[in-house]
Amino acid sequence: MLGEGILKGLTETARNFLGSYVNKDRLTTVQFPEERLPQIEATRDFPFLVYDGSDWQAGLRCVSCQICEKECPPKCIYIEKSKDKKPDVTGKLQFYPTTFDIDISVCMSCQICVEVCPFDAIKMNVEFEMSSEDRFGGLLLRKEQLAKSNEYYNKIHPTEAAAVDAALAEERAKVEAKARQAAEAKAATPAPVAAPVAGETK
Amino acid sequence: MTISFLLLAAITITGTAAAMSLKNLVHCVLALTLGLVGLAALYLRLGAQFVGFTQILVYVGAVAILAAFAIMMTRSAEPSELSRSSSIRFSGTLIALMVFAVLAWAICSGTSALQVPGPQPEASVHQIGLALMHLFVLPLEVIGILLTAALIGAGVLAMDETRRAQ
Amino acid sequence: MNLEEIKSEIETNVPGCRLEIIPNGSPSGQHSLLVDADHAFAAAAYLRDAPNRQFDYCSNATGIDWPIKEVSTKVKTKKIVDGVEKDVDEVVKTQTGGYLEVVYHLFSVELRQGPLVLRMRTEDRAERIHLPSLTPLWRSAEYQEREIFDLYGVMFDGHPDLRRLLMWEGFEDHPMRRDYVDPDDYEYEPTAHDEVLKRAQAHVAAEGGR
Amino acid sequence: MDEQLKSELRRQGVVATSLQELYNWGRRSSLWPLNFGLACCAIEMIAATMARYDLARFGAEVFRPSPRQADLMIVAGTVTKKMAPQVVRLYNQMPEPKYVISMGACAISGGPFKQGYNVLKGIDRYIPVDVYIPGCPPRPEALIDAFLMLQKKIDEQYLTGPNRPRHLNADMPSEFVVPEFGTHDLVPTQNSEVWKAPLVNISIAGKNESGRD
Amino acid sequence: MTNPIYLPVIVLLLGGAGFAVGPLALAWVWARKYSPQKSGPIKNAIYECGLESTGDAWIKFKPGYYIYAIIFLIFDVEAVFLLPFAVAFGGFTAAESIAMLVFLILLVEGLVWACQKNVLSWS
Amino acid sequence: MSVLTDTPIDLTPDLPNDRSEGQLLEVSMGPQHPSTHGVFRMDVTLDGEKVVKLKPVFGYLHRNHEKIAENESYLGCMPYTDRLDYICSITNNWAYALAVETLAGIQVPERAEYLRVITGELTRLQNHAGLVGFLMQDMGASGTPLMYAFREREKVLDLFEALTGARMMCNYMRFGGCRVDVPSGWLQAAQKVIDGFPKFLDEFESLLMSNEILMARTQGVGVVTREQAINAGISGPMARASGVNYDLRKVDKYGIYDRFSFRVPLGEHGDVYDRYMLRVLEMRESIEILKQAMRDLPAGPIMDPNTKIRGFRPKAGEAYGRIEGPKGELGFYLISDGSPNPYRFRVRPPSLINLTLLEDMCLGQNVADIVIILGSVDIVLGEVDR
Amino acid sequence: MPEMIDQIFVLLKHWLMAYVPGTLQPIASAVLSVVPVLIAFPLLFAITTVLERKGLGRMQNRYGPNRVGPFGILQPMADGIKSLTKEDIIPRTADQAVHFLAPVMLVIASFLVYAVLPIGKNMVIANLNTGVLFFFAVGSMVELSVFMAGWSSRSKYSLLGAMRAIAQMISYEMPLVLASVVVIMAAGSLSTVTIVNMQASYTRIWPHWYVFTPWGLTGFVLFMIAATAESNRCPFDMPEGESEIIAGYYIEYSGFKFALFFLGEYLGMFATSAMAITLFLGGWAAPFSFLTWIPSYVWFFAKLLTIIMAFIWIRGTLPRLRMDQLMNFAWKFMLPLSLINIVGAGVWHFMPAGFARWLIVSLLVVVSCALLSRGLRRGKSFYVRTYRFAS
Amino acid sequence: MTPMSAYLLLSALLFSIGLAGALTRRNAILVLIGIELMLNAANLNFIAFWRYGPHPEALTGIMFAIFSISVAAAEAAVGLSIILAVYRHSRTTDLDQMNSMKG
């Protein structure tokens, strides 16, 4: 019969129309600025730099190894390595980035920088409200804008951050154990050579 | 002579005169529409409601569209650079003027008896219908044949060659 | 599917056809068949129509640019140096490349075979860049050959509609060639580095510091 | 519009103020985007109009296919050099007032594809952009956020005075130069009226020579 | 002598015209006072999907459309006769109705002819 | 077809096959057109409403993917493949990963293969759902089917986001496996989506499938015969709609597709309706595959431990790897010269090659048919122009 | 008391008229009857746009406009202000005068037809003897304005759209007229007021609407389909077919002229819907005799809104037809069926009241409907296909 | 009161305009429109005579006008088709050109 399929279609839309008043599945809108979708843990947007402790400058995990800069497919990371070394959060002397810029007007959120970072220093943020009216100033994230605390990292990616923390703690423990061993050895046999510093790959 | 008559007459004359003199054919058709609407309003003014609206329905709704289509299909919307030779234009206008003069003379001299209309006559659609089915039933059928013939004739003419050959 | 067999088959069926099997060094084992340009069309037609081959489906056609490259290989030769025979590393310089290559990946839908990799090479990269078009055999090559013409500059003889596919009409370069240089186009980038930086510097230098 | 500004304007005359408010309100509440998507970001733009995010709540679901009826051009995706003249022409053909949201990394700067020979390094080289949304692609929420930002920007515009926006100022340009296809590149490569990039970081002795291995 | 029944129609006509022209005038005033018209050769060019429009749009169309207009005209005229008939229908006998039927059938014949000649199939 | 103008007066009667009575109208549809699915352009010549010539114009989204990839590392190419066919990034990743794996002879762990199948089929689901919605949009339905399709698509995208972190540009696969393992609760969520999907398909079908307007619009429109399809390299659902039994999941049995039982629907007429229905049927088959894959998902590693992701240098050589993408045969042809960057990186774009027959399909049809034929081909400009 | 509320506007007018000097009375009377229409229907237009957007939204599982003003009801106002202040572009090559006149003429023609539509009891602007004819005659001017718009823009798409629009409108004009002939046959008048009055009586509680007869129902369905096509609504929205010819005949219109096209289109839709109500659904008459205490204009607008809802519903569901199918449908299905329906109405008239005439006329309509639909499918039959699977 | 002669004069003027158009315009479509105008002038006469005539109740004038309109419509249909058919052969709607090609 001509028109049967049309009527079927009409029923379907009518069901959705009426359903939208009673059924949450048929009214899927999330009224964005006020309502927000629950944060999905794995979400990534733009990278940020993790720092430990409370002082972002001192606690920055980044040792300016520039792997991410090299691996970044669209080349949106810009790092200038320091000439000197500063003690990091564990007190070890490290290089640090004097400049660390990420041009989010180029960044493609691919997460490769995170993947290749051997220090867990760069992670993906979930902040997406980054719109700007300023093309040249607003979209270049400087070191100070990029630095976010480990607590923040733990807040946005709890599972991942916990794993990272555990791994770092383990490594640190290993280092400490080694240092202790070395200290013991040093105590046993006075050797002027400092223990090799683990974690410094370069 | 009332204002309304003059107004409507002006509209009609302007429209039709423009239709006959404008360069762009689509403009001509649109002007013609205006003129015919004015004419229809005159019919209404004369109490012939049915005829007036029929005029709009047929002329504005159909003939104007048909003419517009014909223009689109013959690609004569652009003003043609060449117009008729001035002698033809002149003589044509002259003939028309002369016809008008003769007619006007005849009208002015002949119809004084009918200057004042009678009371508004009843010309309801119902009456037209009755007349159509009684007195004018034969013309109606003839018109039917005429329209069918026109339909077929126009169809044959407008059909493209291949279809006609089929 | 034996490439040797196919080769000999074509050689018998397309007289005069010069074929060469190009071995593939990677684990994929997709060796390819290099056909000379003059007989490529006939060979391809044979591949498509031979009942035991039926390569009716040309999946992929693409170009490759091989500019002239000096390859220096170390060859160990025995040489008599100072009267003593020694193993000496001798650097042998050979020139490779210098041509544009077009690769077709053929499959057979009927026999579910493939891929058969068919290659053709132009004689050089500047003038003698004509190759036969296989579009009359496989329509699927139509746009791909146009693309190769556009990006590499290979002229396909017998292509029904050889125009640029991706770049605009009036564009003169063939940008996928390896020696293509981007036009000087000042790129503002707050974090310029590497090549971008070089280009930007070149631009600034050209503009006189602006 | 903050309160201070409001009272300031009120002093100038209630009529003008309320007219300005009404004008801005009308403009910002009825932003009809041009039905125009370029690449990946267009999908997220469509997603933003779909049930989950529903741009229609702001009255902006009327995607007009013809630029004559559109107010907002969302440049969603990579603008290639082949496409750039068309984009500029479409923008030119939109009636004033018109706004541009540059959505996604590609539209802002060429993004990940900026190294390509056929990719325009940012649509703002040719047309003025109101809001930039970074991201590749930005989430639909980011588009809505940018949309709200644009609304706020419209709200803050003056109807009269020297600071009035471009479309109210007869001296400002009405249309922007449409680049032409050259033999190697677009001609011109940028519209210097619109695009004035700061010259930074390009010291002739770049970083390459100094701090890298 | 103007029939007063048309007066409201005329007023409606004027009102409708006002409704159309009024806002346009208002928009014009607004444009004059605040928002200057900005014309330009590109802006005022014909829109064609973002390209420059080439060739004239005013071309000779194919007559496929024309046949519909003819049939429409014929049936429009038919409706003109049908309406008075319908109005007076209540008082008619079968004979008169058959006369109308004959009239209708005559026209339907034309339609059937057109259908069979495939005149009515689009392009 | 002759272009008739005013000036040359030709008194000879029209040729019998010359049915063009009017002047031909040359219209360009696109690059900005509501239903060219992006910046595609067709130069159409119309005789009234009938198409007498149609020339597609490409390149408006040519963003030099292949050239850029020649300067990127093998890993760095992966996120670019996301942006090829930006609706189904995961299958693009897969095809590229497969090509690299073929090139370098990498084995993929079992669990990764299963995860690839699951994400790949989910991609197919959302692609087909979106396509059918877009097709209806082209047909003039004011958004409703598209909205329903996107409603379901969002659910799949949520899964992608939970797994890979991004809604569209997943960048999920690596040569030698997958980037991350599923987070906790993901499988249950996925199961829920998969179980809910048939309901959506039923709704969709009752909304549209027996709709007379849809049938009248699509049946017999844009016909491609089997021979034409094979010769023109048409692949994917479009080829199968023409009756070509060529599904790479069955032919190549890449990955672990030989472990699943699923059917390959075939069309007979090769028209728009068949293409549309094939996608609906394929969605149902995908759901079957997904159910099996979810059931059989083994534990284990997700990456081949021997594969170096960073600084990956395959041996010199070349490889062509292809998968059955949602749009057709998506192939990657890689040439390695032993350096960390591919020497040649070629994408075999199904969208572009499926367009080969566009003109043949559209000739003699109406303007309105162009858009639905184009819609039924299922193109994504990112892939067509690359 | 209900009578009083029902006639409140009429009384108000009379009360106001008392203050008008005698010579101006006809004019004042005319103005007073016209002004409410000029207010009510544009207002309805505004409400409808927002209802449509929200209704479509709900059908599509979303909210629709809800930010501008409470619940988004100020959305049309914002759109209006924006349209007013938007730049008005006239293409360089366009025919300026015609380009300007087209939307104006469309709006005038759309408004003019309201002259004969009885909005309530004793509430009609002009009770013309030839009301229905007037409606169609003035309505046909819409076609001309559409042609003007498309032609004057001189854009290829607009011209295609205009050609489509005219072809479609003239094709569906005939079914529209012929479908209403049955009602005129039954009512014996072309006056809309008389037609409604004929339907405003009740047998027990049931009304005498013409839709409750087989020919009336057929006529109504035909009329509504034709009205959908006449007002370019989905699934007959080919002239503006967004996905094909971008925006059709008004592609080059910007600013308030575009809004006028919108307005004209919606007014046309309201007018044809109102005509359908007048002809088939008893105009302002209450559906049941015990509901007559509700004012007549309430009923009128309730019915009108119902039909508008149906339009929105259909728009939210159906895809668009193709041009050839549309034309075939008009000429090979609608037109013959409406002619047969006239014959059916004649047969009904000459048969004695009772079940037999119900049966015969229904049968006539149903059988011819089936035959015609078969004829329509001839050559290219479509059906739900089944598919085979590869082994 | 409008005298009948006014209507008749108007009708005569219309007729003359139509005639002038038919005689002076080159385009066949316009000539046809001119002829239509002349028919319309006659219609106006019919109506005017009906209104002012001695037996308005007889409706003859009205009926004549209606029939005249239908005949005019049929004429327009056929006439425009002929123009179209001629155009198909000679590619012109210009009467002079048509004329010159006849011989």
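Should a chain be cited, it is by its letter among A, B, C, D, E, F, G and H, assigned in written order, with residues numbered from 1 in that chain.
Methods note: a residue touches a chain if its C-beta (ideal position, glycine included) is under 8 Å from a C-beta of that chain, and two chains touch if they have at least 3 such contacts.
This structure is a prediction, so every number in the text was calculated from the model and none was measured.
Engineer: List every chain that touches both chain A and chain E.
Structural biologist: Shared contacts of chain A and chain E: D, F, G.
Engineer: Name the chain whose C-alpha centroid is farthest from the C-alpha centroid of chain G.
Structural biologist: It is C.
Engineer: Where are there more C-beta contacts: B-H or A-D?
Structural biologist: By the number of C-beta pairs in contact, the winner is B-H.
Engineer: Using CA atom averages as chain centres, what separation in Å is found between chain F and chain G?
Structural biologist: 42
Engineer: Report, in whole Å, the distance between the mean C-alpha point of chain D and the mean C-alpha point of chain H.
Structural biologist: Taking the mean C-alpha position of each chain, the two centres sit 58 Å apart.
Engineer: On a C-alpha centroid basis, what's the spacing between chain C and chain G, in Å?
Structural biologist: The computed centroid separation for chain C versus chain G comes out at 65 Å.
Engineer: Among the residues of chain D, which are close enough to touch at least two other chains?
Structural biologist: Residue numbers touching two or more other chains: 35, 50-52, 54, 57, 65-68, 82, 86, 90, 93, 95-97, 109-110, 112-115, 117-118, 136, 139, 167, 197-198, 207.
Engineer: I need the residues of chain C touching at least two other chains; which ones are they?
Structural biologist: Chain C, residues with two or more chain partners: 166-168, 175, 188-194, 196.
Engineer: Going by the contact rule already set, what residues in chain G reach two or more other chains?
Structural biologist: 59-63, 83-89, 128, 133, 136, 151, 156-157, 159, 163, 166, 170, 173, 188-190, 242, 246, 251-252, 255, 316-318, 323-324
Engineer: Per the contact definition, I'd like the list of chain B residues that touch chain H in the complex.
Structural biologist: 1-2, 5, 9, 12-13, 16-17, 19-21, 25, 28-29, 32, 35-36, 39, 42-43, 46-48, 50-51, 54-55, 58-59, 62-63, 66-67, 70-71, 73-74, 76, 80, 82-84, 88-89, 91-93, 95-97, 99-100, 103-104, 107-108, 111-112, 114-118, 121-123, 127-128, 131-132, 135-136, 139, 143, 146-147, 149-151, 153-155, 157-158, 160-161
Engineer: What does chain D use to touch chain F in their complex?
Structural biologist: For this pair, the touching residues of chain D are 34-40, 42-44, 46-47, 50-52, 63, 65, 67, 77-78, 80, 82-83, 86, 90, 106, 112-113, 115-119, 136-137, 139.
Engineer: Where on chain F is chain A touching in the complex?
Structural biologist: 72-73, 75-80, 82-83, 144, 148, 151, 154, 158, 161-166, 169, 171, 179-180, 183-184, 203, 206-215, 309-310
Engineer: Mind listing the chain G positions that touch chain B in their complex?
Structural biologist: 95, 98, 101, 128-130, 133-134, 136-141, 143-144, 147-148, 151, 163, 166, 170, 173, 188-190
Engineer: Provide the residue numbers of chain D that touch chain A in the complex, in ascending order.
Structural biologist: Residues of chain D touching chain A: 51-54, 57, 105, 108-115, 122, 124, 129-136, 138-139, 141-142, 144-146, 148-149, 153, 197-198, 207, 211-212.
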